[in-house]
Structures are given as structure tokens and as C-alpha cells.
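Next up, some structures in C-alpha cells.
The same chain A turns up in both complexes below, where it pairs with chain B and then with chain C.
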Partner chain A sequence: MNGFLIEHAPALLIMLPLIGAFATPFIGRVSPRIRSAWVILIMTLTTLTALLLASDVFLNGTQIYVFGAANPDLAVPLDSGGIPIRIIFTVDAMSALMQVIGAICGFAVLLYSISADRIHSGLESFYTLFLLMIAGIMGMVSTGDLFNFFVFLEILSIASAGLIAYRIDGGLAVEAALKYFVLSTIGAMVILVAIGIYYGEYNALNIAMIASRMQFTLLDQIALVLIIAALAMKCGSVPMHFWTPDAYSMAPSSITAMLVVASQASLYGLFRVVFTLYNVTLNAMTVGWIIIILGVLSMVVGVTMAIPQKNVKRLMAYHAISQTGYMLLGVGVGLAVLGNQPLMDSFGYIAMEGGIFHIINHAMYKGLLFLTAGAIFFRIGTYNLNRMGGLGHSMKYTMIFFIIGALAIAGIPPFNGFASKLMIYESVFAFNPVLAVIAMVVSILTLASFVKVFHSIFMGPKLPEYETVQEAPAPMLIGMAVLAAIVILFGLFPQAVVDGLIAPAAHALSDQSGYIAAVLGGA
Partner chain B sequence: MFWNLPFIAVVALSLIGLATVVTKKNLIKIFLGINIFEAAVNLFLISLGYREGGIAPIFTSAPSTDMVMATPQALTLTSIVIGVATSALLLSFAVIIWKKYGTIDTDQIRRLRE
Partner chain C sequence: MRMSKLVRTGADLLYPFALIFGLYIILHGHLTPGGGFQGGAVVATGAAIVIVAWAYEDVAGMIRKVTMKAQESAGLLLFIGAAALALGLGYAFFYNVLANSGSLFGLSVPFGPNPGELNTAGVIPIMNIAVGIEVWGGLTVILLYLLSGLNKKEEGS
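For the complex of A and B:
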């Protein structure tokens, strides 16, 4: 039974949220309570499947799943002449890590959302889109087929755009969603052009197949530029970041936390293309530096734009841009020394591990921060920092969670942000000291900015208009507590996490031949 | 030169589409620009799949074995379906913007900035 479940887990991971999503409107007609139970049940099953699959992948290595084949691991049909024609899911350690991030964040956010979004109407569609978002994220990070990646990217964008616009809010939320959706549609089309180029050149859509035939001709360079531009836009890196603050600040807070994970799924796509599709065939130094520059720009511009913000969610959104820069920086340094084994061993792998570790850490503490902002909005109805104050008296637990998140994002020990940032500082310093100094300065500015936010939200005397404010309801606190617990655990035992989860993911990402061998067999 | 015509059309259409998105102020025209760009991408996929003299890959009493791989057609169909969903969502956004703001001019849809 267990073996059967693990064998079919990649398919279940998409099936469960999809079935759950399309059944939700019907179940919602029976009663809202049963609908909530149903959505939680689906999300729990999805999370368990993701954890089961991840434990298997980390133990036994890459798992593939071929849809419609006689046997799920029969990637190349016997009569096809060596071409994998079916849609295939390739779950290696990196994909499994991203699935775990998506599942845990989705689960915590859902618990929070059940009570936070209760006041809205049309919740059947809300949870339908929520589960579609989960399905999109899971599909993007597990697929081994480029066109399939595009399809899941579109599922994710359409569901996200619908959810960003969900609170209409006098048209403001729709304006933000419009901006996001126009950009992501054009981005997705650009990706489709690149996929068409690959297909025309190599007659394949399978990532492993294209990777094994990769020539790095002029056309491949054009395709690479198109894909990097589109996915860097989707993950909100400067200079294509302008949709991020609008979309993040206008979406309901639970959805903002999921949008963080969605951006990271795009980031995963970027890394997958660069490392698995191209790997050493591309000019690693040049492309590595392009990604490093994108990262440094995001870090600096993000944090400087964050400081003057008055809206707490806009401020956090700019910090999200800035933190994305750290991941790009870490993995970019890893890419820049790819193919140079001594340098790779001395700091390349550590840089990549730091960048990837920062992805999971960021999803946890940024999700937590957005959820606390949502809890505050839930009680006082404003995001404006100038109109807040003295909430520390009445919302103690929210304050504690906010402190945990803020210290983690600023990279203060013993929280998880410190662990990953330290790895990035150390390895980047060995590569280029200036970059490490910039990273540290950005971190200090982040801390300064969050001290200001903390002071204006929680400190000071109790304001008369917030005399009756209560602590956030228990389910919201539980959702935040799940994320806060992970932030602290990862901060206390970083070495165990790095050895167990992050290092296999970094090695899987940089090991192109292993990926190809897992799909096509042989080496 | 002649076989390159579809690809020249692809480039022309995508430039027209992108230029429309960038220069026009009317939301509906922007959406039309996106649709033109989508059409260009679909044309690109379809032209990739063209083989001169190829027939549909149905093996029953096939007159020749020179067959066309059906993948690009399948991709294009999927992409058209996604395009329809995208257009529907974009247009529904335009409807709400019109109801709330009373305009679909992008110069006046910037309340988020203030």
C-alpha cells in the first residue's frame, strides 16, 4: 500500500488539489462548515503526500512519473525510437524541497484563512482558486516537461490573479490584479516562444531530452534570454518588480503569503532552466554575473524603496523583493563557478546551498510576517502605519510572531534567516568581497526598517480608538504558530536541515547528468 | 525564402501586439494587443510543425509514411484554450474597473499610486 502510494505520489500531488478545487463549489452549497472541513482535508492529504514523496526522494533519489505509460517509470516507450513522448514528472531533491515548502506554507495559510477570510462572501470560489494555486505550484516544481511547465504556470497566474482581485476594494484590488495579470500573460507567452524554439531545434519538450542534446547555439541563447527575462519578472526581481508591491498589498493577507511561494516556484523554474537545461554548455561566468547583478539590484532597490513606505504590506512586499535578491545572489555565485570543480567545492556549493536554504526560510518568515499584518488588519481595519500604535497591549501573541518574523528577516541569530544569510555572506565573500558587504548593509537596513515598523505598530500607549481590540482568533494564531515554529527550529538546528534537505537539493540542481540519467536511463 | 514567410509573419504579428500593449491607453485595446501576441505565438508553434507533403499520423491504410508529429498541434490547441481563459479573466477585470472607476483609460486607472 505504502509502495503504491509513493509510486503514484507525483500524480496524487496534482490530482488531490484539482479534485478538491472543482468539488469545492458543490460541497459549498451544502454548508460552509462542511466546505471548510473538505478544504482542510484536501490540503492535509496533499501535505502528507508531499512529505511522503519527499522522504522517499531524499532516501532513494530521483523519482519519475510518466503519465499514461504502462509503468510509471517507463520514460521512453519501447517503440518510439528513444524519444520520451509522454508528459513526465521528474521529482528530484530540489523539486521535493519546493513541494515541501508549498505544502507546509499552503497548510499553515489555509488554517489561518479559514477564520481570517470568514467575513468575505463567495468563499467557494476563493477556496477553489486557492486549491488551484496549490495545484499550479506543485505542478510547476515537479514537471519534467517544458510545455507542461507553461501550462501550470498559467494555471497559477490565472488563479493568483483571481485571488488578488478577490477583495475588489473599490476597484483597487482589481487594478493590482490587472497589472499582475497583463504582465504574467505576456511573460508566459514569451516563455512559450522559447519553448517553441527548443522544440524546433531538438524535437523534444522533455527537459532531460533537450538538456542531453543542448548545443548552445544562437537560438538557444535567444531562448535563454527570453526565459530568464520572463521568469525574473514573475519572481519579482528588479527591474521587473513593479507589479509586486501592488499585487502583494492588495491581495488578502493569506493569499499574499501564498504569492510568496508562487514567486519562488518561478524562481525554481529559473534555476531549473539555467542549471538543468543548459548547465555547463552556457557561458557560466556571464550568465552567473547577470543573475548576481539582478540579485544585487533587487536587494538594494527593494530595501531602499521599503524604508519610506507607509502601508505595512507594501513595505513587506518591497522587503520580499529585497530577499529574493539574496537567493539570486547565492545561486548566481554558484552558477558563476559552475564547471570549475575546485572553486565549486571551496565555496560554490555553499553559495548555492545558502541561496536555496534562503528560499525555504523566506517562504516561512515572510509568510509569517504577511499573516501577522493580516491579523492586525483583521482587528483594526487599516494597513496604514501612521494610524497604528499601542497594539502590543492587546495583541500579545501577534506581537511575538511579528518579532520572530522580523528578527528572522533581518538575519539575527537564532532564527533561520541568520543561518542562510551567514552561508551566503561567507561564500560570496570568497567570490567577491564587495558583494558580501552589500548583502550585509542591506541586511542592516532591513533590520532598521523593521524596528521602525515594530515601534509604530506595537509600542506606545494604547490608542483610544483601539481600546476594544482583541487578540486574533485561535485558528489564525495556530496558522502563524506553525510557521513560527519552523522559523525557530530551522534557526536552532541549521546544520541538520542543511545536511538533510538543502545539500541534496543543491547537488541535485547542479548535477545535470544525474537528472538526464534518471529520465533517459544510462549516463 | 518562401518557407520563412510564416516566421516573418510571426515576428511582425508579435511586434504589432507588443507595440499595441505598450502604446495604447485603452484597456480593451491592450487586451487586443495581448491576443495578437498570442496569435503570433500560436502561429509560430503551428509553423514549426509543418512538414511538406506530410500526412496526419493515422497508420490505418496510410498512403505514405511521411507523417507529421502531432505535438505542435496539441500544444497550439492547449495554448488557445489557455488564451480564451486569459481573455475572459482580463475582460472581466475591465468590466469591474469600468463599474468602479467609470473609465478604462490607463492614465486614469492609477489610484494605487496615490
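For the complex of A and C:
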């Protein structure tokens, strides 16, 4: 039974959320309580499958899953002339890590959402789209097929756009969703053009197959530019960040936390293309510096735009942009020295590990921060910092969770943000000291900004209009507590996490030949 | 406001033909150009003709949003179910378990030119039917929402 589950886990990760999503409208007609139980059941099963698959992948190495074959291991059918013709999921350590992030965040956010969104109407559609979003994220991070990547990207974009517009809010949320949707569609079309270029050139859509045939011609360079531009837009990096504040601030808070994970999935796609599809064939120094510059711009512009914001969720959205910059910086430095083994060993791997560690940390603490903002909105009905104050008296647990999230994002020692940022500082300093200094200054500005936010939300005397405000309901607190516990655990035992999860992921990402061999067999 | 009696009667006459043509395209998806999506769209066009010719209120009782939404979800569940069937039998997800099995849609295609053997291709026709049901429901719901304000009152009144 266990063997069956592990063997079919990559398919189950897509199948479970999809069945859950399509059955939710029927089950929702029976009773809201049964619908909530059903959605939680599906999400629990998905999370367990992701954890099971991840434990197997970290133990036994890359696992592939061939859709539509008699046997899920049969990547290259005997009569196909050596070409993997079917859709293949290739789950290596990096994919498994992203799946775990998606599953844990999804689970925590769902617990929170069951109580936070209870008062709204149309919840069957809400949870249908929520589960479709999970399916889209899982598909994007598992797939080993470029066209399939595009399909899951579209599933994710459409589900997200629907959810951003969910609370109409006088048309403002619809406007944000429209902006997101138009930009996502443009980005997806750009990616489709790039995929068309690969298909015309190499007669293949499988990532491993294209990677093994990669020539880095002029056409490949054009395709690379298209894909980097589109995916950097999707993950909210600075010159293309303009959809992020609108979408993040107008979506319901539970969805905003999932949008953070969705952005990370796009970031994963960017890294996958650069490291697995091209690897050393591209001019690593140039492309590495492009990603570094995108990262530095995101860091600086994001944090400086965050400081004057009055809306707490807009402020957090700009911080999300800024934190994405750290991941781009770390992994970009790793890319810049790719192919140069001594430099790679001395700081390249650590930079990549720092960047990847920051992905998981960011998903946890930023999700936590957005959930606390949602809890505050749930009780007082505003996101405006100028109208808040004194909530520390009545919402103690929310305040504690906010402190944990804020200290983690600012990189203060006992929390996880410090662990990944320290790895990024150290390795980037060895590469180029100026970049490390910028990264530290941005961290200090982040801390300054969150001190201001903390003060205006929680400090001061109790305001008369919030006299009757109570603590957020227990399910919301449990959802936040799950994320807060991970933030603290990862901060207390960073070395164990890095050795156990992050280093295998970083090595899997930079090991192109291993990825190709897993699919095409011993090449 | 409804359109003239001529148009309404024409729409009534066209509706069953649009329905049958759409179902034909869905069922022959594995043999001829088209398939579930295209056939479902043709069926939904039939609904569009009727709504435009009559008024939304006249049609709403016959083509109901609730039914169409249920149809959409049911089609999707059938699709995933057909794909998951293979898992239960020990093959990979989406494996074509019915092809050449001799049962439903399970005949093998004879050699040489033939007029089209409907009873072939395994789960592919089932998935076409599932997508057809889903698109029929989904597009009709979209049309119902889009056209719900149509023919309500005269221009400028």
C-alpha cells in the first residue's frame, strides 16, 4: 500500500485537489459544514501525499511519473525512437521542497480560511478555486514538460484571478484581478512563444530532452529572454512588479498568503529553466548578473516603496517584492559562478542554498504576516494604519504572531529569516561586497518599517471605537500557529534544515546531468 | 422584449438541430475533426440562439443555471474519474485501460479505409463526452450571465 502511494504520489498530488475541487459544488449543496470537512480532508490528504513523496525523494533520489503509460516508470517507450513522448512529472529534491512548501502553506491557510471567510457567500466556488490553485502550484513545481508547465501556470492564473476578485469591494478587487489576469495572460503567451521556439528547434517539449539537445543558438537566447521576463513578472520582481500591490492588497488575506506561494512557484520555474534547461550552455556570468540586478532592484525599490504605505496589506505586498529580491540575489550569485567549480564550492552553493532557504522561509513568515493582517481586518474592518491602534490589549495572540513574522522578515536571530539572510550575506560578500551591503541596508529598512507598523497597530492606549474588539477565532489562530511554529523551528535548527532539505535541493537544481539521466536514463 | 415571431420560430426550429450537431461532434471526437470542447460549444450556441430570440425570462425556466453548473462539475468529475480508473487497475494515471479490451469503446481499428468505427479508442471518447458535458454546462452558464440583461426593455425607454 505504501509502495503504491509513493509510486503514484506525483499523480495523486494533482488528482486529489482536482477531484476535491470538482466535487465541492455538489457537496456544498448538502451543507456548509460537510463542505468544510470535505475541503479539509482533501487538503490533509494532499499534504500527507506531498510529505510522503518528499521523504522518498530525499531518501532515494529523483522520482519520475509518466502519465498514460502502462507503467509509471516507463519514460521512453520502446517504439518511440528514444523520445519521451508522454507527459512526465520529474520530482527531484527541489520540486519536492516546493511541493512541501505549497502543501504546508495551503493546509495552514485553509484552516484559517474556514473560519475567516465563513461569513461570505459563494463559498463553493471559493473552495473550488482554492483547490484548483493548489493543483496548479503542485503541477507547476512537479512537471518535467514545458507545455504542461504552461497549462498549470494558466490553471493557477485563472484560479488566482477569480479569487482576487472574490470580495468585490466596490469594484476595486475586480480591477486588481483584471490587472493581474491581463498581465498573467500576456506573460503566459510570451512563455508559449518561447515553448514554440524550443519545439520548432528540438522537436521536444520534455525539459530533460530539450536540455540534452540544448545548443544555445540565437533562437534559444530569444526564448531565454522571453521566459525570464515573463516569469520574473509573475514572481513580482521590480521592473514588472506593478500588479503585486494591487492583487495582494485586494485579495482576501487567506488568498494573499497563497499568492505568495504562487509567486514562489513562478520563481521555481525561472530557476528550473535557467539551471536545468540551459545550465552551463548559457553565458552564466551575464545571465547571473541580470538576475542579480533584478534582485537588487526588487530589494531596494520594494522596501523604499513599502515605507510610505498607509494600507497594511499594500505595505506587506511591497515587502514581499523586496524579499523576492533576496532569493533572486542568492540564486543569481550561484548562477553567476556556475561552471566554475572552485568558486561554486567556496560560495556558489551556499548562495544558492541561502536563496532557496529564503523561498521556504519567506512563504512561511510572509504567509503568517498576511494572515495576521487578515485577522485584524476580520475584527476591525480596516487595513488603514492611521485608523488602528491599541489592539495589543485585546488581540494578544495575533500580536505575538505578528511579532514573530515581523522579526523573521527583518532577519533577527532566533527566527528563520535570519538563518537564510546570513547565508546570503556571507556568500554574496565573497562574490561582491557591495551587494552584501545593499542586502543588509534593505534588511535594516525592513526592520524600521515593521517597527512603525507594529507601533501603529498594537501599541498605545485602547481606542474607544475598538472597545469591544476580541481575539481572532481559534481556527484562524491555529492556522497562524502552524506557520509560526515552522518559523521558530527553522530559526532554531537552521543547520538541520539546510543539511536535510535545502542542500539536496540546491544540488539537484544545479545538477543538470542528474535531471536528464533520471528521465532519459543513464545519458 | 422578444424578437418577431418569425425569428422566434426559426430559433425554436434550429435549437434541436444545433443540439444534435453538437452531440454528433462530441461523440465522433476520436474519428473526425472536433471533440468535446468544440461539440460542447456548438450545443451552447443553440442555447445562445434561443436566448437572443426570446427573452432571458422566457428561457430561464427551461435552461437553468443550477442544472448547467451541476452539469459542468459532473463533466469534470467524469473526466478525472476516467483518468483515475487506470490507477485503480494498477496502471499509471490517464492510462487507456479500455482500448482494445473488447468492452465499451474497446474494439481495435480495422486496417484499410473504413467509414469510421465509433466503438474504438477506449477512454478517449469517454473523456470527449466528459469535456462535452462540461463545456456545454460551463459555456451556457457564461451565456446566461452575459445575456441576462438582454431584451429586457426597449432601447432608450
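Just so we're on the same page, the second predicted complex is superposed on the first by the 523 of 523 C-alpha atoms of A that agree within 3 Å, B and C clash if a C-alpha of one lies under 4 Å from a C-alpha of the other, contacts with A are read in each partner's own complex, and residues count from 1 in each chain.
In the analysis below, a contact is a pair of C-beta atoms (placed from the backbone, for glycine too) under 8 Å apart; a residue touches a chain by one contact, two chains touch by 3 or more.
Source: prediction; values computed, not measured.
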item: Greater chain A contact set [chain C / chain B]; value: B
item: Which of chain B and chain C A:G68 touches, first, second, both or neither; value: second
item: Which of chain B and chain C A:F181 touches, first, second, both or neither; value: first
item: Partner chain(s) touched by A:P25 [first = chain B, second = chain C, both, neither]; value: second
item: Touching partner for A:L51 - first (chain B), second (chain C), both, neither; value: neither
item: Contacts of A:A161 with chain B and chain C, given as first, second, both or neither; value: first
item: First (chain B), second (chain C), both or neither touched by A:A430; value: neither
item: Doubly contacted chain A residues - partners chain C and chain B; value: none
item: Interfacial residue positions of chain B with respect to chain A in the complex; value: 14, 18, 21, 27, 30, 34, 37-38, 41, 44-45, 48, 69, 71-72, 75, 78-79, 82, 85-86, 89-90, 93-94, 96-97, 99-101, 109-112
item: Residue ranges of chain C in contact with chain A within the complex; value: 69-70, 73, 76-77, 80, 83-84, 87, 91-96
item: Chain C partner contacts - residues on chain A that touch it in the complex; value: 8, 11, 14-15, 18-19, 22-23, 25-26, 65-72
item: Chain A residues within the chain B interface of the complex; value: 85, 147, 151, 154, 158, 161-162, 165, 168, 170-172, 174-178, 181-182, 185-186, 189, 192-193, 195-196, 199-200, 203, 205, 246, 250
